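Before anything else, here is the set of structures, which you'll find just below.
Look at the two complexes coming up: chain A is in both, with chain B in one and chain C in the other.
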Partner chain A sequence: MRGTAVGRSNRNQSRIIGWLFIIFAVFMIAAFYFYPMIQALLLSFKSGRGANLHFTGLANYKRLFTDSVFLTAVKNTFLFLIVQVPIMIVLAMFISVLLNDSKLRFKGFFRTAIFLPCVTSLVAYSVVFKYLFGADGLINLALLKMHLIASPIMWISDPFWAKITIIIAITWRWTGYNMIFYLSALQNIDQSIYEAARIDGASSIRQFRSITIPMLKPIILFTSITSTIGTLQLFDEIVNITKGGPGNATLSISQYIYNLSFKYTPDFGYAATVSYTIVAMIIVLSVIQFKAAGDK
Partner chain B sequence: MTSFKRTGTYVFLSLAALISIFPFLWMIVSATNLSVDVSQGRLLPGLHLFDNFRKLTDSIDLGQSMWNSAKISITTTVLALLIASLAGYGFEIYRSRAKDIVFNILLLSMMIPFAALMVPLYQMFASISRSVPSMGINTVTSVILPTMTTAFLIFFFRQSTKMFPKELLEAGRMDGLSELGVFFRIYVPTMRTTYAAGAIITFLSSWNNYLWPLIVLQSPEKRTIPLLISNLGSSYSPDYGVIMTAIVISTLPTALVFFLMQKHFVAGMVGSVK
Partner chain C sequence: MKKAMILLLASFMLLTACSSKTNDGAASSGSTDTKQADTSSKEVTVWAWDPNFNIKAMNLAKEAYQKDHPDAKVNVVEYAQADIIQKLNTGLTSGTDSGLPNIVLIEDYRAQSFLQAYPDSFYDMSSSIKAADFADYKIGPTSLDGKQYGVPFDSGVTGLYVRTDYLKQAGYTPDDLKNVDWDKFIEVGKAVKAKTGKDWLTLDPSDLGLVRVMIQGAGSWYLKEDGTTPNLAGNAALKDALQTYKKLMESNTVKIISDWSQFTGALNSGDVGSVPTGNWITASIKAEASQSGKWAVVPTPKLKNTPNAVNASNLGGSSWYVLNVPGKEAAAEFLAKTMGSNVDLYQKMNKEIGVIGTLKAASGGEAYKQADEFFGGQKAIQDFATWTTQIPKVNYGMHTYAIEDILAVALQNYLKGADLDSVLAEAQAQAESQVK
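Take a look at the complex of A and B:
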């Protein structure tokens, strides 16, 4: 029992002291996470311009289904989620398996280089990518010079390519970040398991499927949940690379909430309603991922 | 076969490393070139770094933004470490069933997206503005207060405290130290590396934070670095050389932290999921 470590004679006193250690943190989390969360829920049943809000029941929630901008933002966000997250996770896992080879040389260099994108701020790298992928940017210049394309690709101003640009950008920024988690998990796998498998004649693909994947399952779950939450909140990249355009082709849900609250005539009630759809999505997707990880 | 696979590994990893590093090289090289050269695809270093720097500091107050960012990031980091380590220590050392329940509730806040908080938080600080302007919208306080306490950091410190040798606490109590004395005199010095890792994570996320400062910091002289870079990047006739100079300078502090403390950096990230 840990209680004995504190000493029995002044147990009551130490219990109070224990609460004093945590009370400030609890207060801060309550004040800046849970309280605003409840405020947002109340707001989502109100509507009006600026500070002039009145109760409108479920009207905001009904509005969601007929709001074509909102539906576009949801569609975009899910496209990023379904395409980008799996690519990045497979890539991160693949690279970390290659790097985990004990005979590999320049390991430190490869690891540092691939992790390096994480030191940039989301805004800084977004601006760099915006210029690299501009109509007359370096990527197009290079592709034209290599005769891979006949005319410049409209990376930013074409609805299809703009989505691709965002996916490339996010993958560049976050693959190394996820790789670190896989690397540290791989280092914790006991090498004797692989030796035993080799003696039993298991191929390296078989070893990967039957040993590596099951051992990495908690990390796969962790990285997919954090990436999902991150993608559902996508904001910095969209605003700084495409501004949500062309049209609303790359608009994300977070950007739409920002626009509703701070760019257009503020409609805080409806913005809060939209924000609760992200909360709902995070809960549903996390449960699905937990279930999927538990089944296998 | 094996040597074929080996070559493939090196080619793939080199390509991945090149793609990861290239944007950095390009931004550093572009910071030394004129805008015209950058847009024509020049990849060799030029001699215009100082011209770009002068043009940059002539048109905007980079120093002011650096100072704003430094003030916010350093204050946030110090307060965040103090609050989170006290709490992580409290939850683990004075463990009880009631505290474990509170802890699990706190963890739930990690699932709350900032998008769901920004509107009510804005309203909260707008109303504070009316009574206490020095803590309301457009102040450093309004940036720091909602971002300095995270369940993540509390969790991180609690996990690390599990590894802390409890005998040291007993020894401290025998020497007549108070409970708070034990924390500050014994726990804090012993847990230096944990504090270093926590400091790096917090400093970086604070230095790079964009959305919340964008909402609350409205006047140009209050702008933090990400707001300034975003603003430069959205200009209609961008001067590439000047903008890349600004981006290089703004990335220096985080890059420096990374290279000096790479070990703590990785330990901090990974330690949180173990």
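Take a look at the complex of A and C:
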């Protein structure tokens, strides 16, 4: 072996220097991410009002299964997830393929227009949507004037339509964001593959199915995971458009956590428990998505 | 390694501690120097929301106090109510004094939740003010275990604001709505809608304020007297209120809204003929000066089938609290001399902002006797002050909003046709597991 004393001390020295470079970041992450995470986990085994917390073991986790408000929040969140994420992913892919067409003019304009929603503030756009979809808002007026509906749709105060409004809002906000990932991935697909397919006589639908989708698979996986996480953490839109109403019809898990901590008499322990269920759900869903996409 | 970690954590804490102090300095109105962190200084920091109401009132109190105490420093800081609740909760939980104000405004519905969740965090005002000086109904939410913690502030006394011109078209006068029950109110509403085509009132399906008004008028609440046991199933007043609410919803006279600006928009544009709500809406109604003389205020309707219901109720309202942090004595002294006893101050707050205080002596002042041309010469303030004394005292307890969210679901199911007793029983079970 070549391990002379000098070499070893050199290697040790460079290792120490390496650690010195990252030590600040490591401490920052430990202090502001891992420490609060562990504290939150400990907190989730406690319960009580405000500052009077006491250890209750698994009682909070048991409570989850009998808490119908929590179950409603989970149901709503999954409904948003199952309906909204696929719509948005498909829409984003569809638009990006259209925009990637080399014959399309004003490409920059269309890209900007579709991407623009995702640089608007969550609160600002939510407030605008609330007014657009109000009982006498622009959407209802337009539909009425076009004689598509006979009486105004209660977009915000009807339990069913309130969910639709939220789905429309988040789709509008996030489609452009996902589209950008698809666009960049599309530009990385070698045009010669398409040329070869065309020579072999593949139709454009066939090209899309057999070339575009397989080549985009990592991006599809990435966008569905980030969208899933985003939807599980849905908060701003719900609070600003419907406040979770009417009657918890649009309550999301994150809003329930907020309510438990600040709207009701605070029970930070139980709120932490609910937060950890989101962590568990995100892990499970991500594993499923990896498995479904066939990656190891 | 471990030592370095501790050192680093300690330096972070120091950093955050410093930054929170500078934040406080930045938030102050500029009239104060930045050495306020010194505990021996007498500066009193006050947190409140609503610049046109609570903040203005507190600033008047500050002026009044500084006349006699020229060296007193009062720093009034404005936050949104939701921010105050968050900051208080996180600050009180963390167990440190820094970053907390000396005086804070808390909504009456939430007061017990703070007083009970953070025992010893609030300063006992029993020796500074006399509970008997204030409207009876305010004492329930502001005291705990016989100790008076809050200085009762504004009255949320409700009234029924009506458009006299619409009533006239339908063949009624405001007198026909005086001391009536909600069924009569609905009947008049239908007549007004038939004659004028205008809706009778606005309702927000996710805000049960009107249900709260109805049940407090009958001396009942979501919780039993003890303030912790849910009182939904078998609560006759609540059942009556929900039935009345359904009747209203089905009367075809309701304009559905979903937020505050739609609410004030509807009443300013003349879309609705009546507004049954707290007196704090007066300023918003008067904002439409062209409607001067077209409004009148009559007592709140009462529940028809609940025997002890009265024509007076409350919606909202808040009170001042002193936190148990350094400087509490000065803060308590300031509050006691202003909001706690100064009748002249209440006259001024009434004239300039429209505050109807709950200090009993204040209603004897001249501002309360003014005839109001906007309400056709009615002595509206006097009327509100009279109704304030008739509001039934209930214990809001700790869980008003938690239960209301559960009740909102029950109400939705009931409106869709479910049986009232069974939805209330279900809500009761849910509430019991929620607030245990």
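The definition used in the following text is that the second predicted complex is superposed on the first by the 280 of 296 C-alpha atoms of A that agree within 3 Å, B and C clash if a C-alpha of one lies under 4 Å from a C-alpha of the other, contacts with A are read in each partner's own complex, and residues count from 1 in each chain.
One rule holds for everything that comes next: contacts are C-beta pairs under 8 Å (C-beta built on N, C-alpha and C of every residue); 3 or more make two chains touch, one makes a residue touch a chain.
These numbers come from a predicted model, not from an experiment.
When chain B and chain C are set side by side, the one touching more residues of chain A is B.
In the superposition on chain A, A:L122 contacts chain B only, with no contact to chain C. Looking at the shared chain after the overlay, A:D200 reaches neither chain B nor chain C. Touch criterion met: A:P246 reaches chain C, while chain B stays clear of it. Residues 130, 243, 261-262, 268 of chain A are contacted both by chain B in one complex and by chain C in the other. Of all residues in chain A, only 2-3, 5-7, 14-15, 17-22, 24-26, 28-29, 32-37, 39-40, 43, 95, 98-99, 101, 104, 109-110, 112-132, 136, 138, 141-142, 172, 176-177, 180-181, 184, 218-219, 222, 229, 232-233, 235-236, 239-240, 243, 253-254, 257-258, 261-262, 268, 271-272, 275-276, 278-279, 282-283, 286 touch chain B in the complex they form.
Taken together, the chain A residues at the contact with chain C in this complex read 27, 30-31, 49-52, 63, 66-69, 72, 130, 134-135, 154, 156-157, 159, 242-249, 259, 261-266, 268.
Contacts from chain C toward chain A in the complex involve residues 4-5, 8-9, 12, 82, 85-86, 89, 92-93, 95, 113-114, 116-119, 121, 204-206, 255-259, 262, 398-399, 401-402, 405-406, 408-413, 430, 433-435. Listed in rising order, the residues of chain B touching chain A in the complex are 9, 12-14, 16-17, 19-21, 23-24, 26-27, 39-41, 83-84, 86-87, 89-91, 93-96, 99, 102, 106, 109, 111-124, 145-146, 148-149, 151, 154, 166, 169-170, 173, 179, 183, 204, 207-208, 210-211, 215, 225-226, 229-230, 232-234, 238, 240, 243-244, 247, 250-251, 254-255, 257-258, 262, 266, 269-270, 273-274.
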